[in-house]
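In what follows, structures are represented as structure tokens.
Next, two complexes with chain A in common: one pairs it with chain B, the other with chain C.
Then we have the complex of A and B:
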């Protein structure tokens, strides 16, 4: 009990560090929430179109012009080719439609007259092209069957008025899930830093040669002493994991009380296990406080930058992501990202996430094996 | 009195270096044994072997009549160790540090609290209970180190050079604490290279060098090893050469030197050397400022045995 109690007394001495990393996580979570609330909704936009009509504005020609007018912004500029070219160049207009002379008559004769266009080549011009193509295709379909102009116009307009209702069947709140993923990605840094830093510092105090010597000489079984330290370290890691889990529930409320939310928590638990084994390994290798500080910065901060805890994975170069595969944080963040994009959660869709879990556990086992080898070598020497 | 420690033919080798060479000695109950020797003489290695902190190639070690092994927890429960380096937690207060080390032996909370307070009183750290090690002076840290090693009231204590780099006031405090522990019946093994401490404290002394026992016995027994028996120092201004020559012819005089108005005479054996010298100086009307006689010190013995100074 003395050993266990002393472990927590020393942890208490480093509470400032725990608070610092936790506050950083809370601050990130808060900023994350606010940042996403400013996202704008989809806004219907119309392309800027210039119509150059060389035909009489009657019947089918008029109908085409009216349709274009209804679905785009008509730009009224000087009737010269130079002015029109300038408008395209300066993106004042996205699309120019040249209606040829005799267009109406050619349609009524069953011909397919050519319409010249000029395009700015941007997104808006594609939109204008879609509008024009839609009209012409509809006209072409009915032109073969209907010879009466009025009837043809009415049929074209009736068809074009029909609208399809598109319903997105997904019930996923993608905004919220993105926020959750970002939170847990950042949490990888906090978890790794807190566990690595605190456990290494506490174990350093217990493992200082002279203190260790005094403990070995005492009537307490040293193996039992080490088991108590291991138990206390594991409990500390678990408490940090639970603290960050509670934080996520406070921040994202009912979104976390779902299967997806529970998988995020399980993922965090497995990552905590890996961080714990790494902390135990580092503590058996390092024998100065300065070295601990350096290693925590290199490992925690390094893996946070390389694996996408701070910068979204989409923005990281392929080579960086390849290198970061050797770090446990990569697999944790990868499974968070997979959870973000997986629509239906079942055994087959969860398979890649389970592989990530397996890799993290293998990392943990490797750290334990190396730790045992190092401890054995130290004992022999 | 019973033997608390029995060491027979202890040999410890590091590859080609023999750190402890066929060492045999006993420590009796309630006794203070001084292990004396220069740095690297094998004092700490001997203690580490006795405490099973080091493996050894040859020999047997018995403590409280039982063979000492790494898992001899019943023996370990009666032992306290105070190392030369301060072995405490920087993150714990004075009280918590003593509580931790005492807690490795004493499970009962109430008893432990009582023991901790006794240890704090003994070393005089009452005012510093809530201080952290960083806030303590070097001397106070040493006292804390001692309190951590003795709080569980061990019957046998090993003190490995506890006064190295300690101010005189703290050193006196530490020596007083050791005397108190001895008076309480504790057996103590005390390693040092300060001969004055050994002369003040120890009942038995072992002089070690290169892992071997050069001499062992009580202080008086060890002084028998010295070829000289008395040193007389006289402070005289402008002593004539002829008088020095005459003193040289005295019976028992071994060596004589006169430098910077100090006349130093060493005698091999004999009694009343001081009286004889005073009478002679009076008869020659030689005036002197100071005159005093000394018995050979442990340092003289060590010089005799090894040909080198004890504090190297």
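Then we have the complex of A and C:
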């Protein structure tokens, strides 16, 4: 019992670290929560646009502005060029439209004035450009035929008003599930970092030369000592796992109490097992406190960056995803992603997920085997 | 004396593997992770060819305008190439949609075009805009024909010529848009700039460690030094020089590595990038000196304070997501004006993005003021320190 109690005493010393990673996870999950409601009707994505109007807001100019306003989100920003440039760079705005002075009169004269724009060059900006050119094209075609401004405006608006019907086929609430997947993907980082860091630090305290020597000469059987340490570490890992599971239930409520939710939880449990075996391996390989924090940071941050814990998997380059297959976190995140897109859950659709589980368990077994080899060699030497 | 102390300080610092890892290797490793994770993100955010399916029924085949426009939009040689279209039947389209092979499919029935998609999204919206645009083109043609009939009041209209004419106008891109955005728009660069900022501020570990060693209340070496008749200014100065030299070497390696191997774009003004690193390192140095002298606690606590302060500053300047920097800059600018990590990041950003050096100079000036304030406070705290007993 002494060993078991000491374990928790040392864990208590590092509670700050546990709190830090947990707070990060909550903050991350919380930010994701602010997204939109469940939609059953199709809603257009709207690009973020800034309009700089150098013309009088009347007639045709006003109509253009109204049209852009209806089809995009107008960004309210300080009226300086630097603020606008920053907005484009940081993707707060995707598109800036500068309406030139005398725009309305030029159009009425039948001219085709040049419009300056700034664009962030991404999807949203292409969409904004489509919206703008569609309007301008329609205007320029009608402008040749219709000379009266009010009639021109009415005809343009009538033509642009028509919208086609869009049906959504999926019954899956993808928004919510995407959020859950992203939460668990991020949790892979928190789990990995907390379990690796704390277990390595605690076991380091047990493995310090002077402590170890005293343990060896003590009356306690070393097998019992090791068993207790293993038991305490497993219990610690399990507690962290349960803590994050409870967090997910608090954040996502009913969505977690479904078959899908249970599979997410099972997935997390298996990943925790793999992280635990890795932690035990690292702690028997490394015996300096400074090296522990270095290695833990590199391993945890590395698998988080390369496997898609921070950045959605679809944004990662193919080659990186190929390399990251050698990391357990890849398989964990992969099954979260699969769960996100699988609409009907049955044995055949779950097969790829089960394969991911199997790979994680194999990783765990490999870590245990290497760990045994290392400790055996150390004992002999 | 100065030289002697400098030499031994360098030796002490170089022998501490932990310090060297955090100041030299860790920023490089982090930059590699950033590169691996972010290298594709901007390409994947660009508009790509959209895969769709069209149900090949009679109604679609009789719709000339849609057919022609789709032929144009799916022609790989055309500059309007946007769609990759599979013509198939309903059940196959459904299957393709379920397997995420297509964004959506189009069903022409009862004079309407139905767009069936899986969920909301940007590609889905673009698909809708394309269909809407073709629909409005159809309407434009009808309207113009009606107009023609009304104006000419005769029935001998050549529909075909009008239709061709309008189609030509619709396809003919006579819209004059002039893109005046700055060229360097790669926002992931900010992430690398924050790594530089972090490395500069992590340099504080070096100066803090070496100054701690010279303080009588922190180490035994310090006690011995303080009772020796040597000039304390020279000792502290020698230590600071040693850590500054190491810091500059580390930053230079990082800058060279990121720009040559990771291809991080620092803009065209390399000397000024190095100036940023030099001044940024000075800020790191003074931060370390400040923490070592002003805060009276044990070394581990000092390191804890240093790392949490640096991480917070890097977080606010956009390391864990560049949006954070923008949000702070836009809403609470004062926080980032006094945040050295942001001054370094912002200086590099303004070199990369802006042509004028106004914003850059302001950042460099702020960094210098920050460093001077910390150094002066540390100097005042350090001088004439006396201990009755330790």
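Note that the second predicted complex is superposed on the first by the 244 of 381 C-alpha atoms of A that agree within 3 Å, B and C clash if a C-alpha of one lies under 4 Å from a C-alpha of the other, contacts with A are read in each partner's own complex, and residues count from 1 in each chain.
The definition used in the following text is that contacts are C-beta pairs under 8 Å (C-beta built on N, C-alpha and C of every residue); 3 or more make two chains touch, one makes a residue touch a chain.
Every value quoted in this text rests on a predicted model; they were computed, and no experiment measured them.
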Looking at A:118, would you say it contacts chain B, chain C, both, or neither? Reply first, second, both or neither. second
Answer with first, second, both or neither: which of chain B and chain C does A:141 touch in the superposed model? second
Residues of chain A touched, compared between chain B and chain C (which is higher): C
Which of chain B and chain C A:110 touches, first, second, both or neither: neither
On the A-aligned overlay, A:2 touches which partner chain: chain B = first, chain C = second, or both, or neither? first
Let me test your reading of the model: by the given contact rule, A:217 touches which partner, first (chain B), second (chain C), both or neither? first
Using the touch definition from the top, say if A:126 reaches chain B (first), chain C (second), both or neither. second
Is A:10 in contact with chain B, with chain C, with both, or with neither (first, second, both, neither)? first
Residues of chain A contacting chain B in one complex and chain C in the other: none
Write out the stretch or stretches of chain A touching chain B in their complex. 1-3, 5-6, 9-10, 13-14, 205, 208, 210-211, 213-221, 225
Under the definition above, what is the set of chain B residues touching chain A in their complex? 51, 53, 70-71, 73-74, 76-77, 79, 81, 83, 85-92, 96, 99-101, 103-105, 107, 148-149
Touching residues of chain A toward chain C in the complex: what are they? 39, 42-45, 77, 82-83, 85-92, 96, 98, 112-124, 126-127, 129-134, 136-138, 140-142, 145-146, 155, 158-160, 162-170, 174, 290-291, 294, 297-298, 301-302, 305-306, 310-311, 314-317, 320, 341, 343
In their complex, what parts of chain C are in touch with chain A? 17-18, 21-22, 26, 29-30, 33-34, 36-42, 44-47, 94, 97-98, 100, 104, 112-126, 128-133, 135-136, 139-140, 143-144, 147, 166, 169-170, 173-182, 185, 187, 322-323, 325-326, 329-330, 349, 353-354, 359
